[in-house]
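Chain naming follows the written order as A, B, C, D, E and F, and within any one chain the residues start at number 1.
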Amino acid sequence: MQKFEEKDVVRNIVENILSDYKNGRDIDKLTVFHQPDKEAIIDIVTKLMRIFFPGYYRDKVYRFYSVRNNVSVLIEDVMYNMQKQIAIVLHNKCEFNCCDEDDIQKTAQELTFEFFQKIPKIREYLNTDLQATFDGDPAANGKDEIVLCYPGFYATTIYRIAHEVFVLKVPLIPRIMTEYAHSKTGIDIHPGATIGKYFFIDHGTGIVVGSTTTIGNHVKVYQGVTLGALSTREGQKLHGKKRHPTIEDDVTIYSGASILGGATVIGSNSVIGSNAFITKAVEKNSRVSIQNQKLYCRPGEKSHAELKDLNLNDGWY
Amino acid sequence: MQKFEEKDVVRNIVENILSDYKNGRDIDKLTVFHQPDKEAIIDIVTKLMRIFFPGYYRDKVYRFYSVRNNVSVLIEDVMYNMQKQIAIVLHNKCEFNCCDEDDIQKTAQELTFEFFQKIPKIREYLNTDLQATFDGDPAANGKDEIVLCYPGFYATTIYRIAHEVFVLKVPLIPRIMTEYAHSKTGIDIHPGATIGKYFFIDHGTGIVVGSTTTIGNHVKVYQGVTLGALSTREGQKLHGKKRHPTIEDDVTIYSGASILGGATVIGSNSVIGSNAFITKAVEKNSRVSIQNQKLYCRPGEKSHAELKDLNLNDGWY
Amino acid sequence: MQKFEEKDVVRNIVENILSDYKNGRDIDKLTVFHQPDKEAIIDIVTKLMRIFFPGYYRDKVYRFYSVRNNVSVLIEDVMYNMQKQIAIVLHNKCEFNCCDEDDIQKTAQELTFEFFQKIPKIREYLNTDLQATFDGDPAANGKDEIVLCYPGFYATTIYRIAHEVFVLKVPLIPRIMTEYAHSKTGIDIHPGATIGKYFFIDHGTGIVVGSTTTIGNHVKVYQGVTLGALSTREGQKLHGKKRHPTIEDDVTIYSGASILGGATVIGSNSVIGSNAFITKAVEKNSRVSIQNQKLYCRPGEKSHAELKDLNLNDGWY
Amino acid sequence: MQKFEEKDVVRNIVENILSDYKNGRDIDKLTVFHQPDKEAIIDIVTKLMRIFFPGYYRDKVYRFYSVRNNVSVLIEDVMYNMQKQIAIVLHNKCEFNCCDEDDIQKTAQELTFEFFQKIPKIREYLNTDLQATFDGDPAANGKDEIVLCYPGFYATTIYRIAHEVFVLKVPLIPRIMTEYAHSKTGIDIHPGATIGKYFFIDHGTGIVVGSTTTIGNHVKVYQGVTLGALSTREGQKLHGKKRHPTIEDDVTIYSGASILGGATVIGSNSVIGSNAFITKAVEKNSRVSIQNQKLYCRPGEKSHAELKDLNLNDGWY
Amino acid sequence: MQKFEEKDVVRNIVENILSDYKNGRDIDKLTVFHQPDKEAIIDIVTKLMRIFFPGYYRDKVYRFYSVRNNVSVLIEDVMYNMQKQIAIVLHNKCEFNCCDEDDIQKTAQELTFEFFQKIPKIREYLNTDLQATFDGDPAANGKDEIVLCYPGFYATTIYRIAHEVFVLKVPLIPRIMTEYAHSKTGIDIHPGATIGKYFFIDHGTGIVVGSTTTIGNHVKVYQGVTLGALSTREGQKLHGKKRHPTIEDDVTIYSGASILGGATVIGSNSVIGSNAFITKAVEKNSRVSIQNQKLYCRPGEKSHAELKDLNLNDGWY
Amino acid sequence: MQKFEEKDVVRNIVENILSDYKNGRDIDKLTVFHQPDKEAIIDIVTKLMRIFFPGYYRDKVYRFYSVRNNVSVLIEDVMYNMQKQIAIVLHNKCEFNCCDEDDIQKTAQELTFEFFQKIPKIREYLNTDLQATFDGDPAANGKDEIVLCYPGFYATTIYRIAHEVFVLKVPLIPRIMTEYAHSKTGIDIHPGATIGKYFFIDHGTGIVVGSTTTIGNHVKVYQGVTLGALSTREGQKLHGKKRHPTIEDDVTIYSGASILGGATVIGSNSVIGSNAFITKAVEKNSRVSIQNQKLYCRPGEKSHAELKDLNLNDGWY
């Protein structure tokens, strides 16, 4: 089909790309088999969803009469694969570099067991999130709908899983988990964040929750909210420092609001209005909103003055 | 491979999780086989795309000479599965609880048939959306490109499908459909919303259209726009009430604008500028924009005064 | 199982849909096999990721000892399929309408070869993006984490691939590629945009980069940023004109900022604050931010005056 | 791609085939969904192999620490599917024609449970077959090899499964099972046959064991052996009658031998030589072989006389 | 993982094998893409089974209400792929070597159409085979069982398909089809053989029907029967000559019989006994059997004389 | 769906089967992960076919321009998996029981390398088999047909592969390979047999070649031939002894012949007629056939005398 010259072109292209790998740059990493397997981790997360909500997902591979068997199988399967992936990332963690394979496997197994022992606790939290979502969204027709299709609840579930893995100091894997949720929902919660019970995210797309954020109980967050760092100009120097805000109990943060900085605390029982941009602490019981967003109208409207009334003050929510 | 103690740990973990299911919380739902199958519904949606745009999708399993056969197959297949999924959700709907299986199957079939009879009407609407998208986006090289890769057109298509299922009062399934589109595009249109012809979404990520929103013909919406509720503090008490705005014909809403509240009507032929936050009705033919976003400059810039000219007024669009 | 009348209903539905296809509208396109195969293009992109980062992805189908073989296989496979898809889209491009199949195949092969010869250059750029991401994000634990799970780096990689295909004037395919990245990350970079080295996107969801945007080296962009057109009211008349801004070297654009218009140039070394809305050129070394976002507090707060201090000026970042 | 006339040809062909279905012949059966699913039954058989020999097969889908979970899952899965397939075939069985669906499901479940309760008994038999195979074949390096790759043991296992289903009077399914084994091994044992413990088949290809055959304990059978009917000229009139031989305990039947007829009993402890053709009863302790197979030699050999010595008598085995 | 020397070993091995390909032997054929695709042909055969017996097979991919659609889809699909495979083998056929691609495609399409037009005729024949099998086998519980699991009927069906393709002078493909059936059933019928109506094969394993065999109507054949050539010592010189026997109407051939030679005609209404070895013509109405197979008994039996009665004469069938 | 009592039944069944595993019989083997993976070995064999005949098989996963890359990939892949499977079986071999994992891996790799170094030799042999098959079968239209669909050539290829693995003293795997071929072709060649060049099997079904058989060059074997042991009554005591015949060069063995015993040598250039049963050595240049198979005819035939002429003598071949 192809003539001789074409083969030469192909060969040259291959050679050029192969020699390009030899530049020794970070991008030129070539050791295979020592990276965690992203797809395996996504599979773990997907199966954990079925362990967490056994009545909501079906097994496509086997048919079961009893939940017991269904869940036992899933648990062992996830354990096996989680241990395998954790062992891989432990290799990449400097402190284990000189360890032998057996120690790493043992540590990986212990970490896996620790994670699984936390599952009832995680489910306890998720049950409160489910209640908060149902109470908070008048559009919800039932809790089934929330478990089956609310992206906010989905992202929260994966965050809660990833966070427990993060707490065990397992590198890389927690982030792969939350970035998977980010990809599916547009909600980017860093696994390092701490989030209390009864957490409710509505709509969700565009939410960012930074790695050192602390969130209390009964907090509601709407689409486009950023809980971020004030500045990241110093880059890696900031690694490990508290750079993201603290949100106390019973706070509601409406869409598009930005709350930035490690020293920024939103006092309990406060409400932050849409698009508010906050870089300093807010006292308890505050209702913060943008004052007087001046809206301007051109030909066709009654008058400018009247339009100014389109501000937040009246429609306070 | 594993020693005896490990087996004990595994067994304990399994038992703990199993006993955790017995708390009787909402999260502990255990009846299998009575939830709709999310993957089956996504498959239905994917195949409906091929029925709606028969020239744009290929069959990976069979090879066809004629569109007739291709489409007949798809229609029967989708009918079969849609009826099956509808029957499942009808079981969960209270008014059918005492019905026998045959009645449910019959109702599910009738609903499926009703949906399919609406397909020509839905396609009529989609053709206007396609035209509006082509007219509205100078970057579009052709209508093929829009059908094949525009997320706004994709989300609109799935919304229009889901809306017709919603109108038939089928629970759960419409929301699973639109949340699938939400997950793929970042565009969250509730299936309960009413949207006229020639609807155009550009870029799309972060758009929210609430369940009681009404949108007229020839409306354009950009990324990050929220057509939402004023407040949801009352939660489930608001269920079923008109909480989201009405957008009349020929309105354009630029990126980041928020229009909130069930009584908020944007009069026909109006333009809402970027980031405007509106909670009251706007008259016909209005051009609303944020007046004087003051921009501040630090060392390196000429002067503050000049920079103030960077406001919206000049660049009105 | 089904009775006779049901079959009639099914037959009527099928006939109605089939006759609906005969309206001759744009939506009624019926020629099969002449559209590019979206799934094939996504497969190409996925395999290119493995060619670009050979150490980070695993082959699920074969097991290899040497990277050479792994990569050779991938390269030939992607070449074969890319040539096939390019040939399909060239058919749809008017200037080729009268060409014979052989010419199209030859052109498709040449374009494929040209693309592959650019891979070392693209990797050179990606290595700088990787460095910029590591330097810019204090939360990054290592470059592995970035390659494996950062959506910004993922979207940038696919943009860089798509852009090179775009430069070769291949229709449709580049856009399908970037819309795939858009769907996975919420980051919408048009393949026509020009982006320099050391590009860093953080979080990413909601970013829009228009088709005639030009971006220099060392630029940082945060979530929700729009680099867009001032107005698209003229629609298709604007096709091909410079409608999107120019961002010079060393510019940082914080979350939610909008920079609009083809004449809008952000001078080098500038910083654009969160939510700034800019439609005119900004000089070099500027630090633009919204002045005095007035925040209003209701019962529970100390006083209005104090709260005004919650402005951007102090917390400048 | 194809021209108009081609479409006509295609349409004509389709119409001709469809109208050919309307001849009302046996081959024209058109009711879908009422036949058992061959692939499902093969899947059942394959999974039963893993239940019978839990240490020899691996689960490709899940990973397990404990055999308990592995087996529990398989058992429930096979139960579910076996009940489903049995229910389908019960529909086709005349005596159930007027039963309602619930009765059929109940019967199918009871039959499934009965089958599963026999599994320990079947395994008891298989353990003796394994022993007999090991003792009988000097080429066997271990019992692992037998379980993993001996076609005779494989066919015996499937026969034993199918026989128990046959005994429960489930139509069709047992035969589909043994024909699957026949297809894989060339060994055709009718599920109706009765076979004792310590059954050993060597090589196997070409073995036929008819439906009313009775075989005792410790019987060895080699390739190409037929245990058949004397004549089948009367066809369906013979349905249900004993037409195949009885083989008593401790009999060995060498390759190519044929033993025919319902009244033909091979007495215990007998040996039937290769290619013997037997249609009458043989007493206990007999050693039957073909007497004097005259072999003829042409130029090149020593003499005819000597060659006659190549008979069975000397080499009796 | 692997050390440097290992890589060298691998490289040497690869190089040795590659250079071994350069010997120019028949085995060293290297042109890819010009051989028919065995798996594609097996797929064609499998789908043809569903076209021939539409009530017996299920579609795993789509769900259908009507047989019409099911069959239309299959027909178009098989046509498409059969044309593709025929085109490939026509390339390899010398007389087409100088043809251009369009001619080959056209010929391939015509041949495909011709084949499909014969389907009703083939089904007519298969219906007679089904009847003959039911009448001939007392173990058959119904015709369903025959269609679903009788290897003889399966092999006959594939032979009938392959034969019609053979008659169209399509190379290679018919043989791939019958060898597939051979592999599944142990029945080796050459596609060149001619077989009349009401053909019945019982058990089947080991049957060989040579390429120039002619078989009349109402013929029954049992396991292990060879209809072969007398000698093939002359090899390729015999190519195309009648080398296999002719079996007239209403003949029954019992297990293990061999009928050899192109001049050997078995006259109508004859019966050939088990293991008979025939190389000359047999008149009509003959009942041929081996006379007096002398059976010899060793200690334990009554006497030799009695045992001689174990001959065919009594048990003639 | 299921009631409480059903669950109890299920639980009892599971418990009974689980406790049945505890009998400690050979069938009760429970250690998972220490058996070779049959499917993996079949995959190895299938891929080796593509390495041996690179021009005849297509890669379904990747598309290649060059054979070099195709083959390199396959070789590495097969090496990887073969080493893995060999390591598993070495564990089970007593002499390695006390070895540590590293030694086993090293040995497994060396054995794998040794096998691959023999590939050119194996191909040399296969090329002669291909020639012999073409020369021997007048029905062959070309060598393509032989490689693509002749079961005899297929079984020979797999035997030659398995034999080389057998020679390396790798347990279990060679037998799994040849039993796979047995299952596909009905040809059962033990991997321990020694077979010279230019080996030709016609039709093949039912052929048995025992483990200590030795076959010279230019040997032809037809369907149903057994090269077996005289008696296996002594079972495992015979393990390792020469029990199967020796066939010298240029011998042809027609269908159904049995040659038994370790001392039985068929001298070179001999021909063994159909159904001959031989247990003693045959000199060079012999043509052995059954003398005077007496055929008996009943009413309808001319006379018995004439029919006797239907013996082998005339039709000698």
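Criterion: a contact is a pair of C-beta atoms (placed from the backbone, for glycine too) under 8 Å apart; a residue touches a chain by one contact, two chains touch by 3 or more.
Bear in mind the structure is a predicted one, so any value in this text is a computation, not a measurement.
Think of each touching pair as a link: the shortest run of links from subunit B to subunit E has 1 of them. Between D-F and C-E, more C-beta contact pairs are found at D-F.
In whole angstrom, the spacing between the mean C-alpha positions of subunit A and subunit C is 22. A separation of 56 Å divides the Cα centre of subunit A from that of subunit D.
For subunit F, the set of residues that touch two or more other chains comprises 6, 10, 33, 64-66, 68, 70, 72, 76, 79, 186, 205-206, 224, 256, 275, 290, 312.
For subunit F in complex with subunit E, the touching residues are 51-58, 60, 64, 67-68, 70-72, 75-76, 79, 109, 113, 116-117, 119-120, 123, 126-127, 130-131, 134-145, 147-151, 184-186, 202-206, 223-224, 255-256, 274-275, 290, 293-302, 307, 309-310, 312, 314-315, 317.
Of all residues in subunit F, only 61-66, 68-70, 72-74, 76-77, 79-81 touch subunit C in the complex they form. Interface residues of subunit B facing subunit A in the complex, by the touch rule stated above, are 6, 9-10, 13-14, 16-18, 20-21, 25-33, 35-39, 92, 171-172, 175-176, 179, 182-183, 186, 188, 190, 192, 205-206, 208, 210-211, 224, 226, 228-241, 243, 256, 258, 260-261, 269-270, 275-280, 282-292, 312-313, 316. By the touch criterion given at the top, residues 2, 6-7, 10-11, 65-66 of subunit A touch subunit F in their complex.
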